[in-house]
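By written order: A, B and C. Residues from 1 in each chain.
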Amino acid sequence: MIICRVSAGMGLECRSDISNAVVVISVLLIVLKRLGLGLLTLFVVSLLIFASVNMLPGDFAQAILGQGATPEAVAAIREDLGLNKPAVTRYIDWLSGILVGDFGVSFAQANFAVYAGDAAAQGGIGSVADQLLPRFRNTLFLASVSAAIAVPLSLALGVLAAMFANTAFDRAVNIATLSSISSPEFFVAYMLILFLAVLNPVFPSLSNIYDEMSFAERLNRSMLPALTLTLVVTAHMMRMTRAAIINLMASPYIEMARLKGIGPLRVIVTHALPNALAPIINVIALNLAYLITGVVVVEVVFVYPGIGQLFVDSVKVRDIPVVQACCLIFASAYILLNLTADILSILSNPRLRHPK
Amino acid sequence: MSTLLSMTLSILVILAGGWLVQFAGRRIPWPRDGLREYFRDMPYLVGCGFALAALCLFWSYRFYFVQDVKFFQWAVQGLIIFTVAGFGFRWLGRRVGTSGSRKLFRQMPVTAAFGILIILLYVIAAVFADLFAPYGQAEIFDKINVLPGGDVELGGDPRFILGTDQLGRDLLTRLIYGAQNTVGIAFVTTCLAFLIGASCGFLAATLGGWFDQIASRVVDALMAIPQLIFALLLMTIATSWAGSNKVLIMVYMVVIIAVLDSTRVYRLARAVGQNIVVMDYIEAAKLRGENLTYLVFREILPNATSPLLAEFGLRFCFVFLTIAALSFLGIGIQPPLADWGTMVRDLSQFINFAAFSPLTATLPLLAAGAIALLTVAVNFVVDWMLHKTSGLKE
Amino acid sequence: MSEPTPLVKIRGLKIEGRTDETWIQIVNGVDLDLNTGEVLGLIGESGAGKSTIGLAAMGFTRDGCRISGGTVEFDGVDLVQADAATKRALLGKRIAYVAQSAAASFNPAHRIIRQHTEAPTQHRVMSSGESEQDAIELYGKLRLPNPGEIGFRYPHQVSGGQLQRAMTAMAMSCRPDLIIFDEPTTALDVTTQIEVLAAIRDIVEQFDTAAIYITHDLAVVAQMADKIKVLLRGDQVEEADTRTMLSNPQEEYTKSLWAVRSFQRQEKMPATAGTVPVISMRAVDASYGKLQVLYDVSFDIHEGRTVAVVGESGSGKSTAARCITGLLPPTSGEVCFNGEPLPADYRKRSTEQLRQAQMIYQMADTALNPRKSIAEIIGRPVEFYLGLKGREKRRRVEQLLEQIEMDPAVYFDRIPSELSGGQKQRIGIARALAAEPKFIICDEVTSALDQLVAEGILKLLANLQDTLGLSYMFITHDLATVRSIADEVVVMKEGRVIEAGPKTEMFTPPHHSYTELLLSSVPEMDPDWLDTLLESRGIENLGEAAMAAAG
């Protein structure tokens, strides 16, 4: 306000200087605030996971050895795993362990080692991190392949459907995507297996992947699970893109651009797209986050050696440390994606980049 | 390599076809003005759309008549039957019933009519499962793994049209009972989720202040973990608690999924509630001195029914799919109750017989399809409802 | 003398709109001629089809509308039959459009000047550098502050009145032959409106541009247009040049429109000194969070009298009402009813205290619960405050409906969405009356209504006051309304009371300088009003400059 009253030339200069500095700081503050919030959420989530696991009846030691265990054996294991410490200490130990990449000891491995009686031969008691790491890499690979197909495909389809809204094309796409969203992942998966693996053997129906495989081979083997995920996610993403664009196209400034005689392509590229960035970023992040959940079922169907399958197996045998670790990884990825979307859409908002 | 080649070829055909359609459309002297204008102003992309549609028709023709793909034929036949059923049901709805219901059917797209028909059929199947099913759901016969079709020479048995499973239970019976168990449990769970979520959401919107703050933060925390993952984690603990008591496991599952799902209901109810609370008529009621019960039940709730109803449909689909996924993974609905998710898992290996015994391969797809069909139907209806309410606002 | 061929020639224009899958005609055969350099005012109430016709003159229809018949010839080209490319070549270059809401019609993602230069560069009229220079020149002509710099801001960094002028400049960017102005000043405050009106008129005259000026405000159109066309529900009523139309309207409907502003009720004698006011605000301060919005506001409202609280948006007039109702407890000061202080928070007030002060809202749409019948809406306060039930309640509701001049037999079981805007507002009045209060707050009750309907509401309120002895606090930004209904006037600006007193005193000079500014800024039906005003005030002393001088 004060600056505006200063004489014209002077006013201009100091205005732009000050406002630039203010902009950078204010945007930085907002971004930092979001980052802090994300970290806080992560902390709460870890607390939540730890607390739920501690609701187990009896304790881990009992769970490992089963009902018929002698009290001495239980006590020994308890000592071994540090279970006789108070919950707060255990939580801090667990969390600080995670921060340096130590997710604790897998029960299933421990179990096996104890029964076999040669823990040394197994290279100590199997750590969760050893189990997780290669599988996490595989899952990441699968998710990236599906995202690489799904994101461009769904954005293109969404924009097309919005451009030709309420035509036969739009209706057909609408029905197709609605059906694809509604179907359970395993239905889509088995349909793909039926058509692309059994009837026309294009891709293998089992995705047994190992480290020594070449990239092309890997891609070939993980094609069916990737396609399944793509189908499910594309439908979601496409519908949201379409809704965002249609919403945008109804705004007065688009009408204004058309009334200025601007061609349809330019209207979309220069007038709609910059404003569509934030919603589209959100759509992508939301669906990549959805991929994380979808991966569990799909990996089980295709016996894909990823983290989702490990998670389900561990749930079945109640291998608590692994379940805990997987849960935390899934949640972190989920929070991270949402955080990225949040920050990106803040950065793409002209009102925040150029405040009054 | 041949797949890649044919894909490139199709894209080229579509691109060229688009141009051809556009070119021909402008040359042909159409009898009607509208058509002539349509082709004059038609963008190139629309031409490509026509080419794509033509290509699809051509491939469908080849699959159906030339290559004689059984599954494709069944799919097309199913599609035709469903479409006819949808149209027929809508036709019926426009003629029978009260004037209100008839008006409703007149505005309805055929997808929504189809959805309502399917939902009705499922409800009937679920309620009268005892009447329709030929046997009891846990009844075990001496013949295991009987193939479907009822043809004795092909390993079937006329007593079991769809065959039996690995324990010797009739699959048709279990498919019918699946409607009762899977749909029933999902329905109960959704109702529970709504009871928790909607009441908290409306209270938060009306009261604001610390209640809103605490409830919203709790929901934020719960929603920070992907739902299926969290459900799996909690189910691990629940199974430990329940031990071998299978009923208890299912009760826990219902509660867990309901609580996790109520977070979404809470968000929606709160948002809808907040939109209503700022209305002047709520202010007028507050200034009149009305109490909280009157505000929530008489002023807010009647205005929130249509978004909530649509959300109920969506939530039901989600809960239904989550339970199916849990069952498929082996920790959902427990035997001896018949359930579609478990059936898919148990029968999944039959899919490999598709080449020489197409009928057998349909078994897992039948159960999975039963799940998909209901969710598709509900989604069609919800889509129409959402479209209707958003249209009214304009 | 041969007739010049008109620039725009519309014949038998019919437009249909879609509701519930059926097409309904909303414009029924309109003819229109416009010569080069001429300004045509299109006026009518809401639903008359003004904007639809305005857009159709560009060969454009919104989604859900279609041109079903007639021709729209622009310079010999029929825009109804023309293909998309032909229309695109004309739009922006030879025909330009100025929308109602400049804030929504500028793309938030680009700087103003980039949007300005888009049309000239796309139509290859100017290079982007030339167009930028031209924009700065135009901004100067439209008297925008800092013309060299303002274009390089983003739309949200510029005020509403300035944006509206920037949009006029944008419309001018290719020096079009025709500009369509679609209610360009409706969303603005009166003091800002003048500035925009003067700027628009100047530039249109300077470049000899033809224009179609769409508005519902007769006084505004009288300043802007050479000739006026009156529309009623998609039909043309009559057309004549401005002075003839104003002095000698032919049709009944036009006459009734013209007569609207003549309603004025008898002013009452000032309240005798020493009587206890029904409501009095005493030194009230109030704030939203940390932001203080009311400073030391005091005024009294006596029995049977109407106090109009006047001010522009953001002046704190609605906040004062919220303090009285108790929705926003004051930070200091108190509100008294019949001399007794009321609890600050409405939740602490007794039912009796709540009953005595009722409220009527601006938007009747959001003030009535859409899911309740009229009987329920009016019946609830009857039951709640007076404890009437069954037949007695029904009789009372019917009585109230008769009081607001609506037939109980017809409207008793209707729901709000089946009523027109004016009828809804009447139901709002009935709901307030149902509590049998002494005092009613009317918050901009007529500003969302068409003028004829608004006049009916004002008359009804005046009658009710006479028969029931009610006191009104009448919040409004419209001085014509004040003139017709108020006994006393309170002028507010930036949260302070600037001036207060009986109406006649307020409307005769000398005024406080801000009151003067407000009064003189209200457009009048006289076509020379704007010229006279500009002469007396000076072209530089408008809008923000004048506000600064008066503040």
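In this section, contacts are C-beta pairs under 8 Å (C-beta built on N, C-alpha and C of every residue); 3 or more make two chains touch, one makes a residue touch a chain.
Worth saying up front: this structure is predicted, and the values here are computed from it rather than measured.
More C-beta pairs in contact connect the chains of A-B than those of the other pair, out of A-B and A-C.
With centres defined by CA atoms alone, the chain at the far end from subunit A is C. Centre to centre, using the average C-alpha position, subunit A and subunit C are separated by 50 Å.
Subunit A and subunit B, compared by their mean Cα positions, are separated by 24 Å. Contacts with at least two other chains are made by no residue of subunit B. Those residues of subunit B lying in contact with subunit C across their complex are 40-41, 107, 279-281, 283-284, 286-290, 299, 302-303.
Residue ranges of subunit A in contact with subunit B, taken from their complex: 41-42, 44-45, 48-49, 52-53, 55-57, 63, 160, 163-164, 169, 174-175, 178-179, 181-187, 190-191, 193-195, 198-199, 202, 205, 289, 292-293, 296-297, 300-301, 311-312, 315-316, 318, 320, 323-324, 326-327, 330-331, 334-335.
Contact residues of subunit C toward subunit A in the complex are 58, 60, 62-63, 87-93, 96-97, 99, 101, 104-110, 118-119, 122-123, 146, 149, 153-154, 156-157. Residues 8, 12, 250-253, 255-263, 266, 270-271, 274-275, 350-351, 354-356 of subunit A are the ones touching subunit C in the complex. In the complex of the two chains, the subunit B residues touching subunit A come out as 3, 45-46, 49, 69, 71, 111, 220-222, 224-230, 232-237, 239-241, 317, 321, 324-325, 328-331, 341, 344, 348, 351-352, 354-355, 361, 364-365, 368-369, 371-372, 375-376, 378-380, 383.
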